[in-house]
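There are two complexes below, and they share chain A, which is joined by chain B in the first and by chain C in the second.
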Partner chain A sequence: MLAYTLKRLLAGAITVWFIATATFIAMHQVPGDPLMNDKAVSAEIRKNLEQKYGLDKSATEQYFIFMGNMLRGDFGISFTQQNRRVNDIIRDHFPVSATLGLLAIFFAATGGVLWGALTAIYRNRMPDIIIMFLVILGISVPSFVFAALGQLLLVNINSMLGQSLIPVAGWGTFAHMLMPSLVLGLGTMAFLTRLMRSSMLEVVNEDYIKTARAKGLSPVRIFFRHQLRNAILPVITVLGPQIAAITTGGFVVELVFAIPGLGRYFVQAVQQLDYTVIMGTTVFYGAFLVFMVILVDIIYGFVDPRVRLE
Partner chain B sequence: MSNRILEVEDLSVEFSTYGGDVKAVRGVSFGVTRGETLAIVGESGCGKSVTVQAIMGIIPMPPGRITGGSAKLDGNELLGLSAKEANQFRGIQIGMIFQDPMTSLNPTMRIGDQIAETLVVHRHKTYAEASRQAIDLLEKTHIPEAAKRVKQYPFEFSGGMLQRAMIAQSLACNPSILIADEPTTALDVTIQAQILELMCELQRTENMSIILITHDLAVVARMANEVAVMYAGQIVESGSVEDIFYESSHPYTLGLKSAMPSNTGDRDKKLTPIIGSPPDLFPPPQGCGYFARCPYAMRMCEDRQPVNFSVQGSEDHYARCWLQHEAAPAVAEVSQNSQDQSHAG
Partner chain C sequence: MTDTTSFQPTHEDFARVKANLSIEQISRPSLSYWQDAWVRLKKNTRATISLYIVIALAAFTLLGPVFWQVDSSLQDLNQISQAPSLPKTAALVGAYKRWDGIILEDFPVEPEAYVESVTPVAELRAFEAATTQQVRLIWNPTVGAGGYNIYRNQRAPEDFNDLGLPLGSTYGGNEVSYEDRLSLESRDYYYSIVPTDGYDEYEVFTVTEITPRMIITVSDARDRNLISAGEEDNLGQEIRLEFHPFGTDYLGRDMLARLMEGARVSLFIGIVAPFIYVIFGIIYGGFAGYFGGRLDVLLMRFADFVVALPFLLFMILFKIAFGIGPGESGIFPMLVALILLLWPATARLVRGQVLQIREQGYIEAAKLLGAKPHYLILRHIIPNTMGVILVTLTFAVPAAIFTEAFLSFIGMGVAPPTPSWGSMCNEGVKTMLSHPHELIFPATFISVTVLAFNLLGDGLTEALDSRMRSRE
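Entry: the complex of A and B
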């Protein structure tokens, strides 16, 4: 178990190194450089700036300097936000994105399992048809539409109550988190509902369910003790990548709800070719994704005894 | 107390499909004698499993539907019960084991817990008590190191061991009937023999009846007291094991026998398969279901459903074949000369 975890972490580290290298190469292929956006500067000032940020060195040299710093846990200084360290940007804004993302995944997972199980029980009957229609909406409508609709709903509720019960935007209290995390988790919830539904329908036809019925167990007991646990396995499998996708992909939702998450910096950095911020956020997100996948694999080993962590 | 612990009368089961209703079981009647073994024999798709699953109430409904008949356990009707009512006998009075032990146990639950569950639900024991009893049950089915084994998961067991665990689980509440639906089909031959031996042994020690579903006549000869041969959803011949093997009265029984390898006869002799395949059961054939494959088929067999003839006036040997009619021509291989049609239907 420990050996397995260490092995996975080592493989994960190699993955992160690969992500960093690939991003570095791709980033330097983009025409222009971080200083291009500045107002027209004289050749001399530009030379000084290049010297300051180390841009006068060759790409190979820059790569090794960056890698060395990264290993020491230092992602350097942002080009566009004067004197702000990339580490600080991540430290200040990632917890916001992570909180939002984890709450979203919580909504998505519980909702997905619940609705999926429900549709399987009511297969081809009204509740199933209604929920599966909503699922198609959830998968195909982009999140910014739901974000706007969610805000509209909150505005109406608040004006009806005559007081601001749930804030429409912003960040700070738990009430702030509810609507954005629900909106952010909606697509994943819809996807997990479909997965759970088909998985439930598959398990229903398994021989061991027939055995359980022949044993004289009640339908409720069969459902909870024999069906649910086996049906939930595929859902857990996809949860790792989904956690990462939600936590890192909340940019649009963060923007609509004015949430100071990391997503905005990530996107801005790419637009402005802010080398250090691009590298910092990408490597950090990459490491986060790899870690989540490993974590889910380890959890999977506890849920499914057939998976041996060796 | 009647000698018959289970009486099934005229059981019919249909399945609704997009193409129409499949009449999988068409008026099956049989009885199970206390402490004895009834073997139900027939090829795949003839309705053997559906028959016993209907009795247990574990046919998926819909699409399945029990359209008629009765099944009485010690005089109590089993068909048409609610899940709650059915759970008063399932796993308590009737235990059941299945064809493929590899997939018949919950893969994410410990073996011991799966056995204990039956006791917790039906005997209201605590899990600790039930788990101790699970060890005894595994020992009864000769699983070595049972105390260690109860903590393991199905994937840590071999096929034969899993079938033993299934048997242990079905015996938890001392059932009076064990239904074994092709219990050895998925196992290799040496393990088959061990499982059958175990079932014989437990039948003696637990004094239970067994309904054994199989397509293997060697297994029938070894285990059964009584035999029902099924074909196309009907029982075509029934009787004691001696009747079926030595006084075979239905061409299908003869066909099964000649398709069986023998270790006493000529080893170079080719086996004789039954040519063709069973008829489509929607709609079921108008006449005898075996007509198209029967070497002795007569003109009337095509469009007249044969009745159940008593063979040579016997009270428990019946054959559903027109050859048993007094006007039928003599066929050397078939045991004929039935007098009355006392069980017409």
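Entry: the complex of A and C
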């Protein structure tokens, strides 16, 4: 287990290095540089600025300087936001995105497992048909439409109650987080429900379920100990990649609900060619995703002892 | 002994029996793999309906502009955010003429001080036929009033607090007329008059319902090419206005034409990008899978790296890196970015398939018969992966359409004025509360397209799955 974890971590580190390099190359392909956005400055001032930020050096040199700093955990200073270090930007805004994403994953996973199991039990009966219809809807409607509809719903609820029970936008309290994370998790929830349903249907007919019934175990115990535990494995497998999908959708939800997450800073940074912020956010996000996937794989090993042998 | 009759063979018993060939005839037509899959796909109602929807969408995109020749970028600020409607006509009228209103000279009592209460005004009515150019209201003065406030509502007011939009005020008990020219439409309006003491309102009001008639001035009609140049100005004549079956957007552009053009962008990206990266994935994965060994490890490790790139961040970065020059729509950069980032999934899948197929008996047999690698790959391996690839392709289309919509929604997609469904949603969200049709239509188109491709993919998976075949 330890050797496996170490091997995965090493591969993850190489992946992060690849992400950093790819970002660096792509970023330097964009015409212009971060100083371009400033008001017209004289050639001398520009030269000084370039010297200060190290932009006068060749791209290769800049690359090695950046890599060296990155290894020390320093992403540098933002070009466009005065006196703000990239590390500070990440520290201030990443927790917001992460909270939103994790809450969404939580909604999606619990909802998906629950609904999926339910549809499998009530196969081809009314609950199954209704839930599967909603699932198809959830997969087909883009999250920004759900976000807009969610806001509309909140506006109506609030105006009906005459008070702002759940805020329509913004960030801060738990009430703020509810609607955005639900909206964000909806697509994944629909996907997981489908997955859970099909894997549950396979499990239901397995021999060991018959054995368990023959032993006289209670249906509740069979459901939780035997069916659910075995059927949940595929869901855990896709959870890693789905975390990546959720952070992707997070950009849009953050935009609609005016949430101060990292996504907005990245979009802004790309538009203004803020080299340090682009590098910092991409590398950080990439590293986060890579290690989430590894973490999920390790958890998978605990849930399913068979995997550990590999 | 029992009475047994021994068998007496006759001459006929030794005659040649005619083989009954009709029994052994193959009763069902022999079907190839693809014909069989097609039969099973047609049996699946949901998949068939989805297939029709996809065909209809293609027709909407390709043939639509032939029948609906409206310029999608033509802005008409006279017709901003109009709701979907049937064809409308309007009466032709002359230019607007000033109206000075009515100020009574022999108004009896000008209140010296505050009066406790007044009666509501009587005989509130339109001075002349109400049109969408102007609604002219007159009413009888009420004793004690020092002025009047005029309100307009789109439904019958329930009480004093429900009078609707305050239009204006008159400042004198003898000013008993008001002309409303505020963006009038041809619909029912409820006008209310509330007497005031000059500043504050008395809590009484009078309501009248007025439905303005749709009109258009001659000069407007000429500007908008609604009457031909040679035609005479036939005042009072009903002429047909521009028809916007799906309404107009916030710049007065025709929604139907924009949806069609947006469909072209969305479906182009949604179909071309997966097509190219799936082909690339087949070549890459097939290569890795067939040759195996160290090359396989190397190629797949690289694919793993590309998978690990944060997708949306790189989409945005690539799109900017490829640059959008002035006058370009940004479709091409998005296409390249999608292809560069999404090919590994197909490559992995194809590699897995190839690894499986490579071990099959018929490949061994072909090898023994002296088949060359390229023959094996082209003739045996790739045709056998086609099923899986087709399914991937079907599911890749909605994913690409979603990605385009996401990017356009956050303003990183196609550049305006090129419409795409995503950018139309982005514009529609801003006016969601007042003009929901601007969001509903593009959102519905995205959803229906994605839904159709998803269901089609499900159907294809079932139809092409050989395990399903043996179950029947």
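Here is the rule we go by: the second predicted complex is superposed on the first by the 297 of 310 C-alpha atoms of A that agree within 3 Å, B and C clash if a C-alpha of one lies under 4 Å from a C-alpha of the other, contacts with A are read in each partner's own complex, and residues count from 1 in each chain.
Following the convention adopted for this analysis, a contact is a pair of C-beta atoms (placed from the backbone, for glycine too) under 8 Å apart; a residue touches a chain by one contact, two chains touch by 3 or more.
Remember, it's a predicted structure, so these values are computed and weren't measured experimentally.
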| item | value |
| --- | --- |
| Clash-or-fit label for the pair chain B, chain C on chain A | fit |
| Chain B versus chain C as contact partner of A:303, first or second or both or neither | first |
| Which superposed partner A:26 touches (first chain B, second chain C, both, neither) | second |
| Partner chain in contact with A:95 - chain B first, chain C second, else both or neither | neither |
| Touched partner set for A:18, first chain B, second chain C, both or neither | second |
| Vertex chain A, arms to chain B and chain C (CA centres, degrees, nearest 10) | 90 |
| Partner chain in contact with A:217 - chain B first, chain C second, else both or neither | first |
| Broader residue contact with chain A after superposition on the shared chain, chain B or chain C | C |
| Partner chain(s) touched by A:266 [first = chain B, second = chain C, both, neither] | second |
| Which of chain B and chain C A:230 touches, first, second, both or neither | first |
| Overlay on shared chain A, then closest C-alpha pair between chain B and chain C (Å) | 8 |
| Residues of chain C defined as touching chain A within the complex | 304-305, 308-314, 316-318, 320-323, 398, 402, 405-406, 409-412, 422, 425-426, 429, 432-433, 439, 443, 446-448, 450-451, 454-455 |
| Complex interface listing, chain B residues touching chain A | 53, 56-58, 83-84, 86-92, 95-96, 98, 100, 103-109, 117-118, 121-122, 153, 155, 166, 169-170 |
| For the chain A and chain C complex, residues of the former touching the latter | 11, 14-15, 18-19, 22-23, 26-27, 29-31, 136-137, 139-142, 144-145, 148, 152, 155, 244, 247-249, 251-252, 255-256, 266-267, 270-271, 278, 281-282, 285-286, 289-290 |
| Of all residues in chain A, those that touch chain B in their complex | 206-208, 210-219, 221, 225-226, 229-230, 233, 303-306 |
